[in-house]
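In what follows, structures are represented as structure tokens.
Both complexes shown next keep chain A, but they swap its partner, so chain B is in the first and chain C is in the second.
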Partner chain A sequence: MHRDRAHYVARRTAAALLMVVVALTLNFVLFRALPGDASASFGAVPEATPQMREQLRRDFGLSDPMPTQFVKYVEQLGHGNLGISVVDRQPVTGRLGDALKNTIPLALGATLLAIMFGLLTGTLAAWRQGGVTDPGMTGVALTLNAMPVQWVGLVLIVGFSSWFASGGMHDPFLVDVGAWARFTDYLRHLVLPMTTLALSLFGSFHVIVRSAVLETLGEDYVLTARAKGLSTARILRRYALRNALLPTATLIALTLGFVVGGAVLTETVFSWPGVGRAVYDAVTHRDFPMLQGAFLVLTLSVVLFTYLADLLYLVLDPRVAAS
Partner chain B sequence: MDRLTSSAAHGRRHRRVAGLLLAAAVSTATALSAAGCGGGAGAAGSTGGGTLRFGDALSNIDATNPFVGTNVLARAAYEQTYPELVQYGYDNQITGDFAKSWTFGDDGRTLTMKTAADAKWSDGRPLTSRDAAWTLNTAVKYKDGPTAAFGSGIDGLVSAEAPDATTLVLHYSRAAGTALSQLRRVPILPQHVWAPHVGSDGKGLQSFRNEAPIVSGGPFIWTTFKKDQVALFKRNPNYYGKAPRLEGFGIQHYSSNDALLQSLKNGEIDAALELNGVEANSLKGMQGIKVKSGPGWIWDALGINSNPKRTDHRELLDPDVRMAFAKAIDTKELNDRLQLGYAQPTATQIPVGEFSDPSLKPVAVDVAGANALLDRLGYRKGANGIRVADGHPMSYQLDLSTGFGSSERVAQLLTASLARIGVKVDAKIMDGSAFWDRVTGPDYKYTNSQLFVESWSNYPDPDFSLSLQTCAQLGGLNETGYCNKDYDKLYQRQASEIDVAKRKPIVYRLQQMLYRDRPFSVFYNEPAIEGWRAQWTGYGRMKGSTFSALSKFPLIDVHRAS
Partner chain C sequence: MSAPAKRPRPGSQLSWILRDPRSAVGAAVLALAVAVTVGAPLLTGYGPFDHAGQVFGAPSGAHPFGLDDLGQDVLTQVLYGGRISLLVGITAALVAAVIGGLVGISAGYFGGRADTVLMAVTDYTLIVPGIPLMIAIAAAFGSSLAMIVIMIGVLSWPQTARILRSQVRSVRERTYVRRASVLGVGPARMIRTHVLPQVAPLMIATTVLTVAQAIFVETALAFLGLGDPGRVSWGSMIYNAFDRGAVSAGAWWALIYPGVAVAVVVLACSLVGQAIEAKLNPRSRVPYLSGKRFTVEPVAAEHAAAAAAAPAAATPPLLAVEHLDVWMRNAAGDELHVVRDVSFSLGRADRFALVGESGSGKTTTLMSVLGLLPSNARVRGAIRYEGRDLLAGGEAGMRTVRWKEIAMVFQGSMNSFSPVHTVGAQIVEPMRLHNGASRRAARARAAELVGMVGLPATVLDRYPHELSGGMRQRAAIAMALACDPKVLLADEPTTALDAMVQAQILMLLRRLADELDIAVLLVTHDLASVSLLCGEAAVMQRGALIEQGTVDALYHDPKHPYTRELFGAALDIPVVDAATGKVVPA
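And then the complex of A and B:
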């Protein structure tokens, strides 16, 4: 049993590392397949003299052969150096670090809200299958899932921006105030983007939980539990939800991995200075170092959370090690 | 305790907890709303000029370092932070900034300027002509490298010297007729701050963070900068020029126009910059909001690949074909549909003003005339209605950039316009980098593109707009591949002519050449539209944006109305 577990962990670790290596290579190649480079991104800019473009290409090695650029990229990565941003000539690490700090509360908060409500409504819908509750709740969840997230964001801005902020992370003109005022101002700015993102994620959680709970409720041991007179709450808590947690854990891990990498549309609508917006700006400027760094963050977060989900599986269902 | 009692107690406990949670949620929501209602503490309660809050969704400040930042908002921020030798005045003529007067030498190759006396940087250190000399000499020394971004401001400059604290002497390689309009684009930097970062090859000039609060010499001190979020400025008490009435201002970046407009309506900001016609109309009539609109400094045009060495679609090089295209396009319709009538009609890239040739008029729409022109050239329509030129259909790809704004609608209108004269157009919209690569590519050989839509900044002085079509700008800012040696010779003549009265006819001839050859067929000048909350006044005295890269004046008079 212990040997099975050790093998399981070793296999998952090797797979995670391989994913990172493949993703890093693809990160490098795919962006350079786009037409145009950083010098082209300056387009119709009066200061973009031929000398400036040439200097940019020289400084960032854009004229070097692709293999040479790749070797330099890997060497820098090996030293923990993500390079210098083409746009402001500052280290990518600093900018990405700031962007990540801004994205994490948004992503975590939205995912937690989506999980909470998804678990609640998914379980309720499964328990009340056949009545009005199930189709009603599932209809709402699917509708929200189908709505473009940027449209949901704009609707919330139009409807609620009198109470909550329309954009940005805080009121930059709020000066000489205490910590509590700053904190509530931050929350004011967080509410709408977090709600937007949570609404876009909620549908998936509802459907997965509902499906998993429905499957469990059809099992013989649940019928036995009912026959023994156990309460609804106890059956749901001790039998249905526990088994529904397996697919839900996978969804949570994948969601967190991708959302931390940047909820581009949400961050753009709300001008939230996170990783998603940084990625969008980097793409339009062909800021390769920034793009590579941002996608490294995305890759690592997806791989990390998937890896953690695999390990969590082992705890939730030790049988996976043997299989 | 039996199961039932336990469950009941459990249920009661749950209800109590739920009640407490609900109460907490209501309290928090109330607190959040209350926090939002008062507006920025630093903004609402000020007396005097007030603290102005701008918002912009179209562009952002890319860097605090003038050797790195190229976005229009970054240049506007440098304008307010740093002295420049000259700037544009209310009448769009060059006037003094840090330089108070100047004279050209007899051969036009020397420019002697007298700068403001007893000036100081915001840190109290003296601001003198030596700072100007250092900035310009450093820019010249590394102009093919780290200071390349200053290149358009020091064209032809050989050296600068400061014989005393208020005298600056500039030496040029040729008569420098356009020196003043070019020097306007060079921010003067504090030598004591920047010199230690030059290093052996100047690269330190670009990697220097220049973190806020920045040592400033302009009317405002740049105090805070958070990239893609906000930049804050406060009045500089040491400014050598006319003191601004504002106590300070800030500019907040939005990545969504809808969020920007909502913020203006809610009073989270005081003014929204770079709006379009649709947004302007949505604000008109709203209580507490005024719309400022007028001609701007951007022209939009149909670009036609003008590479004389192109091997396909050589009919595009024919000025008559280009004129036919121009006649087929209803620029009034474009203005009405895209700019809601706010744009200013114009004949060429040169803005309406002192240097625009009055004999040139915008091409009037004349579909019959356009068809007749192409018929005379022998380009008959095929069975499918598409004309045939030299054995191939007159069918072209029209490239547009997503950064252009309303690119889908422009594509539809132009496709329909050219279809009326038997020309088929297949529009492709792409992001800015891919667009530039396509239009100039491959590798600035100018063989890929055929037709494209572009917009460019222009300035009161025509030198920059005229330079875009020179052979010297191939591989640089020349997008069409146009290269005409006669044009280049005339361009150099106007650049060397100090006497405005003698320069004007040369500029007129250059415009006539561009009008005839049409590498760009100009639609109009885009409007400069801003939304303002009604308690502000003093803006709108100059053409263009209030937060301008051309001059410090537009912001100087802005203040909160009593």
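And then the complex of A and C:
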């Protein structure tokens, strides 16, 4: 039994590490090996001589053979070096670290909120199938799912910006105030972006949970649980929902790419200084080292959370190690 | 099932899409969207970039959707913008369908190494966060319309590939496909004639859903300033409302209409896609738990009057089913009369069997006793436990007797345990809830119970999948005894087991019922079980009890021709030694 579990963890870990290698390679290939390297845009500078361009290529190591470049790139990554931003000449790693600290509460909070509501309404809708509750809730969920994230954010700004802050993470005029005042100011800024991201994720989570619970409500153990005289709430929670968590976890893990995309758009709408906003700024300033770093961070976080979902499965389903 | 007859005609596959109300509405909305955007010049007098009036002019008769930051008519922009959004959505979805179709069908059809490699590529593509990757590519290469279409298509195919692969695998296993393969039909022809027609509806469903996704991604790219700058799209309109001050100027109309247009089209796509998927994977199982309870009707007047006129017995029977009728409404809306005027009663420690073929209504009768019927059922009659009518007491009344007074062992206990909880937790649960037993006392009692059914106490910490079928059935019996019930309902308790184990389980049930003084109501089609366990039985046919009596009498002196037929067909009943539980060779 324990050997099986260790085996499962080892297999998933190997798969995750392979995904990291793929992500690193993709990141390298995408930004280096494609036609037109960093010196190409330098060529557009007037009076740039071919000699200067060649010098630049040597300085950046772009004239080395591709495998050498790749080894160097991985070496640099190992030292946590993602290059220098062309905008402010700061190391990309440091700036991304700061951005990540701002993104995590927003993205994680919104995802958890959406999962919580999705579990609640998805279960209720499945249980009340055939009544008006189910089409009502599912209709709302599908409609939310059909709205572009950035549009939801802008509509919320139009509707609610008099109650909550609609840009940035802190009020720049708020100086020399206590920790509590700073915290409530932060919350006032967090409400709208977090609601935006949560609303746009909620729709698909509701649909996923609803169909998973509908499936488990047809299982024999639900009938047994009813015969045992358990209350409806207990059957829904402990039997239907608990068993529905297995397919739900898999499907939610598959939507992590959407969470990342949604976070980029939400941060752009609300000028939230996170990784997504960094991507937007890098695009507008053609800051390729920054863009490459941000892309790597986003890809690796999807790999990490996919891996965590695999490990969560081990906790959720006692059968998983056996197969 | 005769396999060749199952082969469907390709043309008949798609007409049902338009008969389902959801997909019909969705398809109509999509057709309308395509029509109004293509016919934009007929619906508006302005060009997409024409200056039509005052900057941020509010909606009015001349400009029903108002004007934007350049004084352009928003309605005109929505109509012309829809051309680009729909064009990108549809062409990108087709690109994804071609790539995903090739990968999914090849992987599913050829299997083996090709499958492993293709699915690995698919899984890795699936985890690449699409939006940031497209941003990087668009930033590096610029963003023409063709570039956007190709990027979205190239990143959206993995879902299609995964779904098609599993569908193709199941098609490949079908008899007529395997037969054709043995007859030497080549892969190209096989895929064209056998596989493609089968997976076509699913491909349409995923493609329609990809259209929605692609329209979304177009708005996202445009919002990040990576759209095609020379063209209006719904995405670029939302971006302009954000970037050029419509939101801060309070000109909500410049923002709202393009977003509503996206939402309507995407919603229409998901209606069509979901309707097709629901049609392809119909949920055949009726949920066992539903917010709606089955309908209960009062006892028919003549029976009620007769019951009132009869002198009240000094002690009512333990369990009595009186004039029970059950109707079930099927999906087509027709009501089927599945139980017809069934009456019988059970005294303390009686052993009674309901015997009949499958579909005779015996299981439905049993389910009625505990009020476990699905919500599409309508019930009339009375179920009396110690004289009290359980049907009249509603769900709350039912719960007072469930497991404490009347417990149940189900058919095929493979699935009557939840796979994610230990066997012990599921046996302990009713004791903790109904008897208020402490954790320790309940656990001790559970160990005692599994001992009584011949299992070691260690099974309490095992998960159901770790036990054999026979062990699970024993555990199910232990669970049924947890709250010392007076009646045990047993629904085909041995069907899924092999013959030796069947006999052992029946002997166990008989011994426990004797020792614990429990009445047993057995439902079965297996006459051997009846003779082993029960003294009396009733024969059911088409919902009605046709004959009732001692098992001996039914064997040796059947009155009804159906009884004679049923018992006559069962001459090869195995003889089981009562002491050892072993089958005695004839």
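Assume the second predicted complex is superposed on the first by the 265 of 323 C-alpha atoms of A that agree within 3 Å, B and C clash if a C-alpha of one lies under 4 Å from a C-alpha of the other, contacts with A are read in each partner's own complex, and residues count from 1 in each chain.
Keep in mind that, in the parts below, contacts are C-beta pairs under 8 Å (C-beta built on N, C-alpha and C of every residue); 3 or more make two chains touch, one makes a residue touch a chain.
This structure is a prediction, so every number in the text was calculated from the model and none was measured.
Participant: Touch test for A:Val158: chain B only (first), chain C only (second), both, or neither?
Facilitator: both
Participant: When the two structures are overlaid on chain A, which partner does A:Leu174 contact: first (chain B), second (chain C), both, or neither?
Facilitator: After superposition on chain A, A:Leu174 lies in contact with chain B alone.
Participant: Using the superposition on chain A described above, determine whether A:Phe31 touches chain B (first), chain C (second), both, or neither.
Facilitator: The second partner, chain C, only.
Participant: Tell me which partner A:Gln129 touches in the superposition: chain B (first), chain C (second), both or neither.
Facilitator: In the superposed model, A:Gln129 contacts chain C only, not chain B.
Participant: Name the contact category of A:Tyr239: first (chain B only), second (chain C only), both, or neither.
Facilitator: In the superposition, A:Tyr239 contacts chain C only.
Participant: Identify the partner contact of A:Phe117: answer first if only chain B is touched, second if only chain C is, both if each is, neither if none is.
Facilitator: After superposing on A, A:Phe117 lies clear of both chain B and chain C.
Participant: In the overlaid three-chain picture, which partner chain does A:Pro148 touch, first (chain B) or second (chain C), both, or neither?
Facilitator: In the superposed model, A:Pro148 contacts chain C only, not chain B.
Participant: Output check: A:Arg286 vs chain B and chain C. Expected answer is one of first, second, both, neither. What do you get?
Facilitator: both
Participant: Of chain B and chain C, which one contacts the greater number of residues in chain A?
Facilitator: C
Participant: Touch check for A:Ser271: first (chain B), second (chain C), both, or neither?
Facilitator: A:Ser271 sits against chain B, while chain C stays out of touch.
Participant: Quick check on the output: what are the common chain A residues between the chain B footprint and the chain C footprint?
Facilitator: 34, 36, 154, 157-158, 231, 268-269, 280, 283-284, 286
Participant: Okay, in this complex, where on chain C does chain A touch?
Facilitator: 124, 126-133, 135-140, 212, 216, 219-220, 223-226, 235, 238, 241-242, 247, 250, 252, 255-256, 258-259, 262-264, 266-267, 270-271, 283, 285-292, 370, 372, 375, 399-404, 407-408, 410, 412, 414-421, 429-430, 433-434, 463, 465, 479
Participant: Residue numbers of chain A touching chain B in their complex, please.
Facilitator: 34-38, 40-55, 59, 84, 87-90, 95, 154, 157-158, 161-169, 171-177, 181, 184-185, 187-188, 191, 231, 267-271, 273, 277-278, 280-281, 283-286
Participant: Within the complex, which stretch of chain A touches chain C?
Facilitator: Against chain C, the touching part of chain A is residues 19, 22-23, 26, 30-31, 34, 36, 126-131, 133, 142-143, 145-151, 154-155, 157-158, 214-215, 217-232, 234-236, 238-240, 242-243, 246, 254, 256-257, 260-261, 264-265, 268-269, 279-280, 282-284, 286, 288, 291-292, 294-295, 298-299, 302-303, 306, 316-319, 322.
Participant: Of all residues in chain B, which touch chain A in the complex?
Facilitator: Listed in rising order, the residues are 7, 28-29, 31-33, 35-36, 39-43, 51, 53, 62-63, 65, 68-71, 75, 143-146, 148-152, 185, 203, 206-207, 209, 224, 226-230, 232, 250, 252-256, 258-260, 262-263, 266, 268, 401, 403, 430-438, 440-441, 454-457, 464, 473, 475-477, 479.
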